[in-house]
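Labels for the chains are A, B and C, by order of writing; each one numbers its residues from 1.
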Amino acid sequence: LQNVAQRQAEAREVAFRVVEITEDTYESSVWGRNFPLQYDTFMRTEEYGVETPFGGNVPYEKLDKYPQLRIMWQGFPFELSFREDRGHHWFLFDQRQTRRVQERAQPGSCLHCHSSVVEAYRIAAVQAGLPVEKIHTEEALRKGFDAINAMPWAEADTLVRNPLACIDCHEPQTMRLRITRPSLKDGLVKLANSDDPVPHLPSIERWRAGDRRVPYDANRLASRHEMRSMICAQCHVEYYFDRPPVRTLIFPWSEGLKVEQQLQHYDNYGWRDWTHPRAGSGQMKVQHPEFELWSQGPHANVACADCHMPFERVGAVKITNHHARSPLLNIRQSCQTCHNVAEDELKRRVVTIQTRTAALEKKAKDAVVELIAAIESAHQAGATDEALNEARTLHRSSQFKVDWIFNENSRGFHAPQESARILAEAMNEARKGILSAHKAEAAAKAAGQ
Amino acid sequence: LQNVAQRQAEAREVAFRVVEITEDTYESSVWGRNFPLQYDTFMRTEEYGVETPFGGNVPYEKLDKYPQLRIMWQGFPFELSFREDRGHHWFLFDQRQTRRVQERAQPGSCLHCHSSVVEAYRIAAVQAGLPVEKIHTEEALRKGFDAINAMPWAEADTLVRNPLACIDCHEPQTMRLRITRPSLKDGLVKLANSDDPVPHLPSIERWRAGDRRVPYDANRLASRHEMRSMICAQCHVEYYFDRPPVRTLIFPWSEGLKVEQQLQHYDNYGWRDWTHPRAGSGQMKVQHPEFELWSQGPHANVACADCHMPFERVGAVKITNHHARSPLLNIRQSCQTCHNVAEDELKRRVVTIQTRTAALEKKAKDAVVELIAAIESAHQAGATDEALNEARTLHRSSQFKVDWIFNENSRGFHAPQESARILAEAMNEARKGILSAHKAEAAAKAAGQ
Amino acid sequence: MRDWLMGGGILLVAALFLGLMAGAGAFTADRAQALSYLSDDPQVCVNCHVMREVHTSWERSSHRNVARCVDCHLPHDPVGKWVGKAIDGWNHSVAFTLQNFHEPIQLKPRGRAIVEQNCVNCHIDLVHGIVHARTGAGAHASLPAGKRSGISCLHCHLDVGHGQ
């Protein structure tokens, strides 16, 4: 009967090192020679063309399926094209070919999330004067980040070669997960300093209870379980680019992760992405707040990777399945370990949650589109800006909330009640706005006679 | 220290029959001599005076805490008094002393849920001509039910003696759970015939797949697990009394259990509980739809009894704790069997869900109260009924939805997303109604000049 | 194996165990067949009705044929195993006598760490890659499951021992 200790010794030599991986190994294929099983699953993010009721990776044009979006985002690049997302393999290609890049000026900041940008940041840092021996430091990433943010997109695009690569999430020697993206580091510092309770991120709660002398740093303090969600928060978050010339990529987390708190962040900063041409209100376009919505849901203690990169048995070894996609395409591994329930029942529950969200989304968009028309009509009838101020503030807030849920990619599943709550607030505000615009129009007409 | 021997002895002598219990044993204390442990916990429903953040059994006057209710229910008995509920021990006493009974005429139908009515139904059936040998049949309960529904409340009240008793839920010989209340039998027959999917009630789904020749009967078909929820549905449901003289107690389930389907049932029947004196709209007052809301939630496969009458170890024996109350007063037994989570974390999750619901409820009631004022003002300005028809329909529907969630006693916990969805619809409809009423008023004023 | 335990070199350990129990549970220990507590047979645990439910659920679990109670709930290394038995023996008899334990019974941190380490002990070949993703020359000593390696098998596999 081999005892346990002896077997442990044998097992350690399982991961045989074929090739040396260092901080300068930017090509995933090289990492793949040491970790063929993970690499095979990673490369499957190239597959697309499969639909789920509300998700999947058929890159269809959402503006055609949801025409109200063109009215809501009129005057902003997203009025040109907004497609269903697909595998990580495509994220550099898709950005390069979108009309939002080809027909509008964009800053280099986009590449923070749309390329394996670690190499470009380091090179740019050295070019900007950082001593070359510091090239592998976090400081290098920071300096390069600042440089590339400020570049026009086309110029920055020439500095990047690959979509998501192993080095974006893993430390070469230990394979430990680490955060490479400066915007998330800054975002987590803001979050840690806010009062928003984050029970699902205990390392932040512990930091808050400490002396707070050293700013919160996930790479030092976050647990392995937290990292299995934080690495996704490098990109799957709401963001904005600061004013020119810096155009720093910022996550609006100074007040917290909830939608009202992000709006407060923008209000405190007097920020608008653009002014809506018909309604005249100062609007923000919200993008994919997966991390923020997931934080409010019943699965906040379940890591993104638990569902989107689940464990898989391949032969005699258990690995992380790097084929990040809709969990509905892999329910057995993504859900059934924790939920001892039949596949079709689990799918039914998800689709029931998403169907409720979709029904509310449609009504909320109807209300926002009506509000835009009501403000425009009042304005044309001579209503003063002062009279339309309330309606425009309600437009800014209600459209922000509809965006927040509609552009989040789980169609409410990551936090079912919170999604419905946010859409309820959006509807209520939009309808109040319509009323206010009507009053302003009536007053203008009365004054006009 | 002989407790080991004592415990091993206890484990064997669980159910020692002290006294004979028959269909005519209406006094719980007699049952209690055979089942002292269950009886002791059952009698604890007499305790009251403990609050939880949104529930508990301090019978405070809700109309004072939520003044908008008096506006919403103006013209209906609930404008007099509506208190927080408390233990089953009180349900006959509380009904007898409420101003809704002392200052308004009510039918005998109330006693279906506010007394141990089995004995009264049987006696009334025999008095109405049923052969005495049939006194213990379901037919007797039906005949008595019809007779007592039609009686004025005061007369019916003289026929009842006790609040909830063992015989209301248990078959004397086998202690098997059974449904004694005719309204639930009728309700389940309607539900079975509807198209509303009820995956959590498999016996209904199986009946639907059969030849449907014999109407669905829970006492024959329901599983033990289903019964652990169905017995509560005898009373914890939305209901109405049919038109005089019959005043049959009916559960509006012909279209299904969801709020829109119950409204459809009322619309199909052209029903209104009363006409709102200020808004002139045909309104229904919704009462405690626990069973219906729980059916839409993540705990639909968890029985009411699992949380409200959990298993408890007393010495060596496991019994059902009959002290039905807020599970937040007994988290250890109610929740930790399934959730391996600390008590305060579980409580935090419930309160987070309930706080979201409460915030939406307040806004929804604000909108409905504004709508009532808007319709009234338009009416006083000369707007025709025809012009106000849309606003009144929206008032009927939006107030029905706010009632449905506010009067449900878990403050959204039984189905968090569904509760938020319903309140979102209510807000949207109420605000649309306000807009419609304003238009009607403006038109009336324009026509008036 | 059962007979060997009863007859042979067990007396020394039994003395240690009985020593621990001497204070409160002499009489209790005897009537609860404390001596049998020293064996690895799951039947031992089910002497107590409070263990009946976990025994039944174990009999329906995926591990019924491959792991007995002690294989998960006692350290595998020889020394750790007997120290564990002594500590558990003491905790058990105190809790059983005073009836002051939290219900439903939950694994305490120490108990949970033992179980987590045992998952890895038996499944090391399968999970070596995810437990301690260390590579390259000079790999650190393999980190045990639980606190230090940061991965908790029970985060996903809570029901392997007892179904549900």
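Definition applied: a residue touches a chain if its C-beta (ideal position, glycine included) is under 8 Å from a C-beta of that chain, and two chains touch if they have at least 3 such contacts.
Values in this document were obtained by computation on a predicted structure and should not be read as measured data.
Annotation: A-C is the more contact-rich of the chain pairs B-C and A-C, by number of C-beta pairs in contact.
Of all chains, B has its CA centroid at the greatest distance from the CA centroid of chain C.
Work out the mean CA point of chain A and of chain C, and you get 44 Å between them.
Chain B and chain C have Cα centroids separated by 47 Å. Shown for chain C are the residues that touch two or more other chains, namely 158, 164. In the complex of the two chains, the chain B residues touching chain A come out as 199, 298, 345, 348-349, 353, 356, 359-360, 363, 367, 412, 416-421, 423-425, 427-428, 431-432, 434-435, 438, 442. On the chain C side of its complex with chain B, the touching residues are 27-28, 31-32, 49-50, 96-97, 99, 102-104, 106, 158, 164. Chain contact summary for the complex, chain B toward chain C: residues 1-5, 7-8, 11, 313, 316, 332-333, 336-338, 340. Of all residues in chain C, those touching chain A in their complex are 76-77, 121-122, 124-130, 133-137, 139, 142, 149-152, 155-159, 164. Within the complex, the chain A residues that touch chain C are 4-5, 7-8, 10-12, 14-15, 17, 20-21, 34, 173-176, 223-225, 306, 311, 313, 316-320, 337-338, 340.
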